[in-house]
Amino acid sequence: MRRITLGEDAVSEPDLLLDATEIRKSFLGLKALDGVDFSVRKGEIHALLGENGAGKSTLIKVLTGVHKPDSGAIELDGQAVAVRDPMHAQQLGIGTVYQEVNLLPNLTVAENLYIGRQPRRFGLVDTRTMQKQARALLARYDIEIDVGAQLSSFSIAVQQLVAIARAVDMSGSVLILDEPTASLDSHEVELLFGVMRKLRDRGLGIVFITHFLDQVYAVSDRITVLRNGKLVGTRQTSDLMKVDLVSMMLGRTLAAATEHGRRAAPPPSERKISFSDFGRARSVAPFDLTISAGEVVGVAGLLGSGRTETARLLFGIDLPDRGTITVDGKPVRIASPRDAIRLGFGLCPEDRKADGIVGDLSVRENIALALQARRGWLRRMSTREQTELADRFVKALDIRTTDIEKPVKLLSGGNQQKVILARWLATQPRFLILDEPTRGIDVGAHAEIIELINKLCDEGLGLLVISSEIEEIVAYSTRVRVLRDRVHAGELAGAEISTDNIMRAIAAEHGAAR
Amino acid sequence: MSGLGSGLRKAAPQLACLAVILFFNWLAFPGFFDLRLQDGRLFGSLVDVLNRGAPVAILAIGMTAVIASKGVDLSVGAVMAMAGAVAATMTVEGYSLPVVLLSSLAVGIACGLLNGLLVAVLELQPIVATLILMVAGRGIAQLITEGVIVTFVEPGLIFFGTGSFLGLPMPVIIAAALALLTVLVVRRTALGLLIESIGVNRSASTYAGINSRLLIVMIYTFCGFCAALAGIIAAADIRGADANNAGLWLELDAILAVVIGGTSLLGGRFSILMSVLGAIIIQSMNTGILISGFPPEYNLIVKAAVIILILLVQAASLSGFKLLLRPGAAATARKAEA
Amino acid sequence: MTSSRLLPFYATLVIFLLAYAVCVIQFPNMLSTRVLGNLLTDNAFLGIAAVGMTFVIISGGIDLSVGSVIGFTSVLIAVLVTWYGIHPLAAFCIALTIATAFGAAMGAVIHYLDVPAFIVTLAGMFLARGMAFVITTDSIPIAHEFYTTLHGLYFRMPGGGRLTLIGGLMVIVFLAGIVVAHYTRFGSYIYALGGNKTSAELMGVPVARTTIGIYALSGFLSGLAGVVFSLYTSAGYSLSAVGVELDTIAAVVIGGTLLTGGVGLVAGTFVGVIIQGLIQTYIVFDGTLSSWWTKIVVGLLLFAFIALQRLLVVLSARKGSSQVATP
Amino acid sequence: ADLTVGFSQIGSESGWRAAETSVTKLEAEKRGIDLKFADAQQKQENQIKAIRGFIAQGVDAILVAPVVATGWESVLEEAKDAEIPVILLDRGIDGSPDLYMTMVASDQVLEGKVAGEWLVKDAAGKECSVVELQGTTGSSPAINRKKGFEEAIAGTPTIKIIRSQTGDFTRAKGKEVMEGFLKAEGGGKNICALYAHNDDMAVGAIQAIKEAGLKPGADIKVVSIDAVPDIFKAMADGEANATVELTPNMAGPAFDVLEKFKADGTMPPKQIITESKLYTPADDPMKVYEEKKGLGY
């Protein structure tokens, strides 16, 4: 076994909180973790990094008792422990936010925060006190919501914040956050970092998984990198250059070509899709939107500003109560996603677990699904055809999976995202809506996807990209739509597009209204 | 196709259960496996198992599709009664066989359509939506027969229950043909994939452009058709329509067959042939009970014991299989990595 | 508290009141305390079993053994009291213990063997009914003075209606059920399991304990329903309460609980039970329906209730928010 | 109408039951009685509910065909408190006879006995192995008809019941179970007679016997109970040998005593037992068939 120890002292340290050694875990022959050492000290933020499918989430699940390790030892505060299950982990003082928001949509926010430890009076749950505590807890994250409402009535971002608040509140000594920032915008991210720093100063050990390298440098003290289930190394953040980090993660250096500039607006084209006076009461105020072939329209806005709802409206999931659509000048009607798909539309949804993946079906079937649906049930794609398609996209998008017959729910989060992207690319759409497309995707893949987007646009694809990453929007948009409080409040084009301008547009007359 | 080998491996727990039950049947009645040819027709307990299992197998075929789409159809027993009632009364009134068959099947299709619309359009929960017809349907069947067992003597219709073809009883032939045809339609077109997809995640399927409403209506309609077919066979078998008792509680048997066949009640992956196998397992058990000579008070206990046995065998073989699979899977995984 | 959760319940309640009003206009006699008392008494065992079923369904499971357990308990009690001369109270305790253990065992099989509740409880249904047959196929009357005493315990309402012991017991069980569902941790675990089992597990919900507890509770309540049934008929009979599981499921679902789990109210089930009782009372009062029309009308009324409820929910949901609910 | 009578029927689970219902309705119509009918779908609890409903409506009398003998005390007590006379149909109940005015019923044990005695006579001392198709497990006709038959053959060691299974009173199950019997008993060679607890099962079994290549009525004797029309047809074809009648007209005598009671307060005897008549092919089965056909079987 090749073990790389890069300048780290392997002998036990006095302030070690959690120490896992030689962790091995395989799934049906796939070595997801192959002799990984990982430790967390008191009062540190420890970033756990690696490509999609590197084994980060698996490591977390082993540490918190979701999976039993095949071998290896875990010590907590110097004591060997065998974590039985997540409940046990919680009792040991480990609070965790798992990668996909794992809360209970049918319970209220307060119940989600306090399930299993509800305050009681005379043996009965004291709902009033619980809700009071919940409100106080969420206030620390600037969230003011009805904690008695069902969790499912809130956007995924709010749910993520609730999950974080819950984990933080539960963590006695260790806090683990698996891609907590994936659907948060910069304001929420800053808030979260504030909380993390405070906890660190109180002596907690925090494990932080993310694909945003800037965030890594903003908060973390140490970095551990995994690749293909193996430990690449652990370093002090201050000692590690970004390029070195990237090459540690990818095992190669990232091609400079991806550091492209802003896309130029394509030449005016007849091929375009226009929505005019489009809107739906209590959802999105009426707006006009035109997307030409080869154009990338970025959509920016705060949480709950109506971006996802705009996407649902354009794709025929929610029906507009006013407005018209024309495709290449011809008026059309969209009453369902099917209609939209027939016109060459595609939508990568924001909530990939609920609206994206069909978990029990294989990678191959998931990739072929939309194309098959468009062809109709009579004209079945042969297994060979599906396999070819899937193989092509697995290669093009570098989807990490043992084979394409694996149920997609067993893939790592980032790879699931790529499968859904592949599903839409397979239909060769002319207009693609991506709602938070790079959520949970690693740096390497991120660059590849942006490259791919650019290439497709050159071939005439029109694109609408919703993202909370303003840098990302700046990187590829030809125009930027800014939403505010469910109103399409403005548009930036050409040279106007810059991080600052977008921030300003978002923030305009946006006081404490949230 | 390499499908056969992997199919057999997947069916191993069920086949093991079947073997165990047949073995006990043989213990109870040593002549269980005897077969003889008489008037060009096979006779024997094994044939009986297939013959008696045919209606449940036919129900299970339709039920499989419904369950795969994350639904359930409680009305199949009542639809059987209705279809049988229509067939019998029309025969007695002198309609010709094709008209009788078509009307009877049409009744099943209409019932299925109704269920489908309630589930897909009104978005009622499948169990309640079909509960309505389960209750009312039997009433309608009785209304048709006016509470009487309508007996008929028309040989054409009777042939579907007691005739034989290629040496096998007609119900067996019909069930086998339906199963093969359904497998063909479902797997040679994309229907199978689409059904599994909406069963696993309806929202995601809608996003992917699947017309889940239409598909659900189609599935329930097909299930209604199957139920009507089973109803015709059941009526033809006893040369009469017994609106009160035809198909009574058979919905439970059909669901049980599907579940024993390995299709999850939560929807998703399904296998028609495995459900048919499930129906055969259930009937082997029933036939075994009949010939065992136990007093009937023990019937239900034996039934419960067999179901528990099936569960244990499935659970054990599942974990056993994981162990067996490991080395092989590891090899392929390594290849994929390289 | 948000209303979206309570919406189906309110809808059901409104429909019940409307339906009752319609009945009363047609048959003024139906407004008597006698009818109201009968609704409680006659549906007592159904209601008690339905409370257990509500928990099971909210947790995403199903319990088909309910009717058989009722039958089994009633036979067991009758045999213990009449043949063995055991005091009814002791017989109740024995029966309830067995029923609870039976439920717990089913829960354990469901959890540890990871098999669908449908099959396990179907086997349970066969087993319990079979056990009743094995004890005795005869129907056994219970003539113990304790039963006579209990029968004498009722509150006579003005107008001649009786609020009986078992009717009162049902109301108490419902109240207790509401408390368990909404004011205990166990209750929140039940909802959590129904919402998403994996998430619940990751959030530290004790899944094994809860699953076993739920089915044990359902077994206990089925046993209690059996006790009530035995009081109701003063007898034990192995064929009693056949198919009651479907009635309870229907009551639970009419009460607004989703079979997919995670959503539902115990109080809704109460209305569901009473609605079913109302349908039957109406049919008896009408008295002109033949056997088959009875079935058809029950089906149609069931449909009317469910469709109306659905309509109300969709309408008010549309008013309340923009989201289109897709279950 | 001057009389309103509530009738709580068990259900419509068999042809005989349907006939009883329609005969009751006919009889009521004939006498100008307003009949309130409630079908209990085979459930005792529904019957109790129905009786309570009748009491709440204040009917003049209540007819009940009790699904089971036990469990009627409290509800009949209520009827008594409300001074509504109750008449039991088809079978009696356990409990104080004060609770009801009279019962019009057949003697189920006797029915089984008559069938058994016929067989004893018919076998005339020869060895005879009987297979038995029981009614629904636990139901009182199944228990009693079995008991009566066994009593009748008890003194004849040459007659033995070799197999006994439930056929749930239905044709389909009767046929299926008979198939099993035939297979298990050497293709039917060992079976000399079939005793079915009702005619429907017998009709199903007759088909099974024919399909196995044997001649029902000759190779295997068939005796059953109820006397529904279809068994007479079988008898006419020589495929069935005997049936014991259970008359569907229970309501006629019930209404008679009721009218008498209302007129001058005559209390009827506590039991009115209907005749259990034996029919054999000697009784001109086709004629009986034609007579019975219109009765709603």
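What to note about this one:
Going in written order, the chains are labelled A, B, C and D, and every chain counts its residues from 1.
Please note the rule applied: contacts are C-beta pairs under 8 Å (C-beta built on N, C-alpha and C of every residue); 3 or more make two chains touch, one makes a residue touch a chain.
Chains and their UniProt names: A = Sugar ABC transporter ATP-binding protein; B = ABC transporter permease; C = Sugar ABC transporter permease YjfF.
Worth saying up front: this structure is predicted, and the values here are computed from it rather than measured.
Of all chains, the one whose CA centroid is most distant from that of chain C is A.
Mean C-alpha position of chain A lies 43 Å from that of chain B (ABC transporter permease). For this pair, chain C with chain D, the centres built from the Cα atoms lie 33 Å apart. Of all residues in chain B (ABC transporter permease), those touching 2 or more other chains are 142, 147, 203, 206, 297, 299, listed in ascending order. In chain C, the residues touching two or more other chains are 133, 137, 290-292, 294-295. Multi-chain contact residues of chain D, defined as those touching 2 or more other chains: 11-12, 18, 21, 137-138. Pairwise, the chains that touch each other are A-B, A-C, B-C, B-D, C-D. Listed in rising order, the residues of chain D touching chain B (ABC transporter permease) in the complex are 11-15, 18, 21-22, 134, 137-138, 163-166, 168-173, 175-177, 179-181, 183-184, 186, 200, 203-204, 207, 211-213, 230, 296-297. Taken together, the chain A residues at the contact with chain C in this complex read 66, 85-87, 89-90, 96, 98, 102-108, 111-112, 115-116, 118, 120, 123-125, 127, 146, 148-150, 153, 166, 280-283, 309, 318.
Of all the residues in chain B (ABC transporter permease), the ones that touch chain A in their complex are 188-191, 193-194, 196-197, 200-201, 203-211, 215, 268-269, 322, 325-334, 336-337.
Across the complex, chain B (ABC transporter permease) is touched by residues 64, 109, 113-116, 118-120, 122-124, 126-127, 129-131, 133-134, 137, 246, 249-250, 253-254, 258-260, 290-300, 302-303, 306-307, 310, 326-327 of chain C.
Chain contact summary for the complex, chain C toward chain A: residues 1-2, 4-5, 179, 182-185, 187-189, 191-192, 194-196, 198-206, 262-263, 321-324.
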